[in-house]
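Take a look at the structures listed below.
Note that chain A is present in both complexes that follow, paired respectively with chain B and with chain C.
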Partner chain A sequence: MKRLLSPWGGGLALALIAVVVVVPVLHVALPPGSWLHPSDYAVALAGKIMCYGICALAMGLAWGYTGILSLGHGLYFALGGYAMGMYLMRQIGRDGVYQSDLPDFMVFLDWKALPWHWALSDSFGAQLALAVAAPGLLAFVFGYFAFRSRIKGVYFSIITQAMTYAAMLLFFRNETGFGGNNGFTDFKRILGLPIATPGMRAALFALTGATLIASLALARAIVTSKYGRVLQAIRDAEARVMFSGYDPIAYKLSIWTLSAMMCGVAGALYVPQVGIINPGEMSPAAGIEIAIWTAVGGRASLVGPVIGAFAVNGAKSWFTQVFPEFWLYFLGALFIAVTLFMPDGIIGALRGVPRTLARRRGAGAREEGARADGVPARTDVAAGEVQA
Partner chain B sequence: MRRCIALLAAALSLSLAAAPAAAIDAPTLRAIVDGDTDARVAALHAAVSTGDATLAPVLQAMLDDELKFDEAHVWRVHDGQASDAVTGAAATLPDEAQDVMVNNRLRGEAQAALAALRLQAPDAAVRAKAIATLRDAPDESQLAIVDAALARETDPALKGQLRLLKAATLVASPDRAKRLQAAGLLATGDDPATRALLGERLGPRGESDPEVRAQLRSALAAVDAHLAAGERLGVLFTGVSLGSILLLVALGLAISYGLMGVINMAHGELMMIGAYTTAVVQDLFRAHLPAGAFDFYIVAAVPASFLAAAFVGAVLERSVIRWLYGRPLETLLATWGISLVLIQAVRTVFGAQNVRVENPSWLSGGLPVMSNLVLPYNRLAIIAFAVLVLCGVALLIARTRLGLFVRAVTQNRRMAACVGVDTARVDTQAFALGAGIAGLAGCALSQVGNVGPDLGQTYIVDAFMVVVLGGVGQLAGAVVAALGLGVLSKLLEGVAGAVLAKIMVLVLIVVFIQKRPQGLFALKGRSAEA
Partner chain C sequence: MTPELQERGAQARREHDERLAASGGREGSFGRALQPRTPDFAHGIALYVDDVTVSFDGFKALDDLSLAIGVGELRCIIGPNGAGKTTMMDVITGKTRPDAGHVHFGSNIDLLRLRENEIAQLGIGRKFQKPTVYENLSVFENLELALAGDRRPRASLFAKLSAAQRDRIDAMLAQIHLAAEARRPAGLLSHGQKQWLEIGMLLVQEPTLLLLDEPVAGMTDEETERTAELFLSLEGRHSLVVVEHDMVFIERLAQGRRKVTVLHEGSVLAEGLLAEVQCHPQVVEVYLGR
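Here is the complex of A and B:
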């Protein structure tokens, strides 16, 4: 019988639940002057980073546990965001600059009616479903073809990057019907309620927190199940899994699609809190940043990626305010340092130095093996490096 | 050379012969400078049709508002000195002399007349310009002088131009036979101006005679065919040009990824280093060497950009990449981090703005092939450069000791180490070589595009697509994939626009990978981990 939670994992979960309850209550109940009152900025920032945390967790499932490094998760995140953004654009109603029933950018482009893909944009439920379904469907189709032809490792990563790059170019076009360069912004209300009130901020924060906790619980259920065991086996030695009679494609495809859908949910939560979505979220740089959150926190764990998202984005907020010109140096150094010195991220470091050392000695031996067999080494990152 | 001398001699004799010969007479000039505008234009046409070269300076003086006249004489006043406009002898200006008025119509006529006179100029470039000026407003009065020029012209290209000019003059003639002749002449044209002229004549206010119309229509078809051929060749050329750039970018990747299995996301930034090195060399040449040397800065910039990028590459290999062999995904992340640092470093040192890199004079301009197809010299040079680099790399890999070691280490690292190859050193050298080629690519790019901190990011996705498409470990794959992608994307751009073309190419690559996951030229093997 497995324990439900490791002792400090349980503590962390409790702390997270406490934060998710306490912060919104304080934000609404206390007057803005009070020293305990979390500022608008702080609540919005923390809410945004929790969305990133969900993304990083989804990335951890795909990369840390299954060995599929995606550089295109920014696309799934943005698709979810755009689906929610379409609904929010429709909620503006006639309060836009042009006082038209159509969103401002369509008036600007001289469009007379909503394009076909906006057909459901008046319905909150439908757009929410779309925020999950669109990334899921795209990931399923893309993954089906990629996994079926056994594209893996770096090849796969590069193609995901090309995909998000192509999507970014597509969304930059005005003709695509998603507001081109500017994307969606200037939201006024959600479900008929004004969007920029402390109450709405607190509600969205709590909702995001709850989603994050639910995602952690779901991910935990997955990785401790037999299915999760097979995923980790695929990460460590896919050929052996295949020869043992499992079909790796079904496993990889399902976790890949689930991961994309989680990103879509995160995107849908992100847009109302941040108030803007544009094609920049799909840039290759944004996609690869998700990978670094995951790596910094420790990709082969569940809380690790969430911690990583908070650490990196917290640092980003601080740097861009205090030393904007040094942020890229720091981020670049972080990429290098984490891959060189902290392959298991913050979580790995916390779990004890001696074990890390032993593992790295083991990894060194394997590296020799990988390079000796002639083919340009395309063994997986994690090749047996991490025990969950 | 001999032809040059002959031309020069002919020009000399022409100018000597022209100078003292039958000068324009006073009554003619008097008719041009004063009277009813229609009469003045008629007089001007009559004077020009004689082809008298002495008319030119007088007309120029008229355009410069330097002519004055009285009842019988015309004077030219230049810098306060009056002279007789016909003989050139110094004279005193009578008090009753009036300014010559030049209205817009006369100004245009005088300019056309000057151009017509310039058709006799000894310099071919002047003649070409004159023809172009005349074609803007063809006029039958110049027919005689055009015919004379046509009889005299020796340059075949200019002869063709003159024939088109004659046709343009005749095509609106009231004489039906002349219009028919003109339509036949126009069919030999191959430029957009001829096409526009034909379109205009075929329009509602143009030709009415059915036979001439038919002739004009077939001429239009012939011109269109000519133009289409030029356009197709143009697309092909830009495609090959893009392909050669992609090839330069991908060659370095083919070494670091194809041979060593290292995904180098900082490859684009190594190109950026090459481009900035070129900019620095250029600035040094401008600042410290005589002006004549500036045209040859590129000769110094090529090795400098190779060395700079190779040095950075060697440092990266020793400090970071070495520790990540066999872990490609981590290499990917670490090199991405390196690229961020390099981009920011360039911003800190050179600023976030693009730096200016000037083409040497021998790389600016282009080679005219057809009227609507000019091949820019810098693009031609890059194609040649890409071929040279490709040959160099192929020779290096196949024929040199370093190439032998690289292949040995790629095929069997342990065995290579056993027979005494210093594998760590070979790794560094090979990676530095790939980086140096990236620097060369950056140097080439600086001649056709912007040099800024984002330079690497622009090409890196495309370059990786070339490597993915071409397959790993083979230079032939990179060549075919680069040229194929270049031409394909330019073809699609013509149909669908730049952005959609890019998306279509990426989708096509993803689909293609389904069929051949190992690229065009895969190493054959039976590994389950393929």
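Here is the complex of A and C:
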């Protein structure tokens, strides 16, 4: 109860009501003409960006809190998306162009039966599990070897980027069995229900919002635990952590794997809402974009990356309509500007305001407070800076 | 042979057989039982370094280095730059693998087979030359992470500080004169305070052996004096190895009765009381000659 009343818990509860009740109900119940009715476009866009928000949050845990910069998180996102896409392709049934039991691209390639890795594709539960397990397993194996070999910093980032690029090339091939460069699209149903209805759109939106908020709550529990403080210690001084008796590999590997799994969940929620998944999601540029959202919002916080995902993608959807050819220049300039002038991102700039005011009011007060109660509360300066 | 002796011998034999039977056929040992991963200090030596050689691209950073640190001993190690002092600490703490030689903790634990974190958990703490603390965590949290306890991820995910642990941290904060800074991020401390915090982090780890690489570098005279007092108070409870350039500090620690080791070009040049060592002709040559 105490947690629910804290600003964090309260904020999350309000956001939960907004995404799970208010928006979906307004979308379904009101006629499209009404001024309170969220348009199809708006709901789909917000749903998509919330998926990106989960990705950015996962990135924040790995990069902002543990100091592991991945430029290949698009790979884990896409793997989750492909796992869900396989199920959606099977749900098309005989309604495809070729009216066959097999997905259209297989008919086109003249395949007679499903390849082995499509064995579970008729089961929603199995594909959902795969959407989490596949990225998790890949991240675990990759992370195990990379962390054990003590690959760090920019070298690690380059390898993640190379890996997502290699995977993209693999998925581009028709023989891989994932629809080549067209990927999966033209979905008709999910769980037997038509996919392009206001009701389904509202339901997916609510589910995505609830997942995002659950992810935030989980991440909050992680970073406020001692485990989370070890992660930050690894970021600040890994050698000290090691010589204090902690095994940094176990910590890095666990948060890295969790981060990849969160991206997989985001991908699985993204595909039914956007209606397409193709190898473009694995491109190095996609991975870099995730890092940019996180940096813009403020990587060493939890809400920051989510704010960053909304800010950058909101700007993107407006920009690509008004000046489509300049978007990438703008994105690059934004990244440079944030790195130079707002190292703590939007959230850091927002927090700077009350802190500057407090500083003007006099720094002595805080010192005295610290002396008065020897035991620090969880709201001390460091925790406030990194976790709030 | 008297009958009494015969009797006693038969008695011992019976007891031995009984013990053998009770142990389920395994060889009954009369020795002390040693738990795995528990160092054996029965010989009074905490650390053995035997004939250790480390070379980097042909340059011998350590050349047949041997020394032994007693249990509870405070040992000062001096030597000119490049004498191999830091490399020696790297070898003991598992950061560098030597090309030849052995390093044992107690008489039974081979440190060369363990990784850095395992060595730390056995009870060997190390202070780096450059003070290394977690800059974005508060001073209190820095000590919390260093506190002895289960280091595995799952344990720390659900860890809660007990009242005893809080008291332990508060006591350490008082001991290292940082109680007033407990809530501040460690990155805002002065250089000397960071050195103290790192020493405090080592102490709450409750190590048997402390390796301190230039602990008073960058400290004011007053801080240096306090550090010397602290280290002297630790003698007996911990074994300490202090590597330092500051001869005043060394004199203060050695107090004319503790052993000092002089390293030069990767091996021990001289060992003994500070006064003896200072008269040693080769030491004089290394420090003053050339």
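Throughout what follows, the second predicted complex is superposed on the first by the 334 of 388 C-alpha atoms of A that agree within 3 Å, B and C clash if a C-alpha of one lies under 4 Å from a C-alpha of the other, contacts with A are read in each partner's own complex, and residues count from 1 in each chain.
Definition applied: contacts are C-beta pairs under 8 Å (C-beta built on N, C-alpha and C of every residue); 3 or more make two chains touch, one makes a residue touch a chain.
Just so we're clear, the structure is a prediction, and the values are computed from it rather than from any experiment.
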item: Partner chain(s) touched by A:A239 [first = chain B, second = chain C, both, neither]; value: both
item: Partner chain(s) touched by A:P343 [first = chain B, second = chain C, both, neither]; value: first
item: Touching partner for A:A291 - first (chain B), second (chain C), both, neither; value: first
item: Which of chain B and chain C A:V97 touches, first, second, both or neither; value: neither
item: Which of chain B and chain C A:A250 touches, first, second, both or neither; value: second
item: Broader residue contact with chain A after superposition on the shared chain, chain B or chain C; value: B
item: First (chain B), second (chain C), both or neither touched by A:R173; value: first
item: First, second, both or neither for A:E325, with chain B first and chain C second; value: first
item: Touching partner for A:Y155 - first (chain B), second (chain C), both, neither; value: first
item: On chain A, the residue positions that both chain B and chain C contact, one per complex; value: 239, 242-243, 367, 370-371, 374-377, 380-381
item: Contacting residues of chain A [partner chain C, same complex]; value: 222, 225-227, 229-230, 232-233, 235-237, 239-248, 250-251, 254, 300, 367, 370-371, 374-377, 380-383, 385-386
item: Contact footprint of chain B on chain A as seen in their complex; value: 63, 69, 142, 145-146, 148-151, 153-155, 157-159, 161-163, 165-166, 169-170, 172-173, 238-239, 242-243, 284, 288, 291-292, 295, 325, 328-329, 331-336, 338-340, 343, 366-368, 370-372, 374-381
item: Partner chain A, residues of chain B touching it in the complex; value: 257-261, 263, 320, 323-334, 336-345, 347-348, 410-414, 461, 464-465, 468, 472-473, 499-500, 502-503, 506-507, 509-511, 513-515, 517, 523, 525, 527-530
item: Chain A contact footprint on chain C (complex, rising order); value: 93, 115-117, 120-121, 125-126, 128, 132-138, 140-141, 144-146, 151-153, 156-159, 166, 170, 173, 179-186, 198, 201, 205
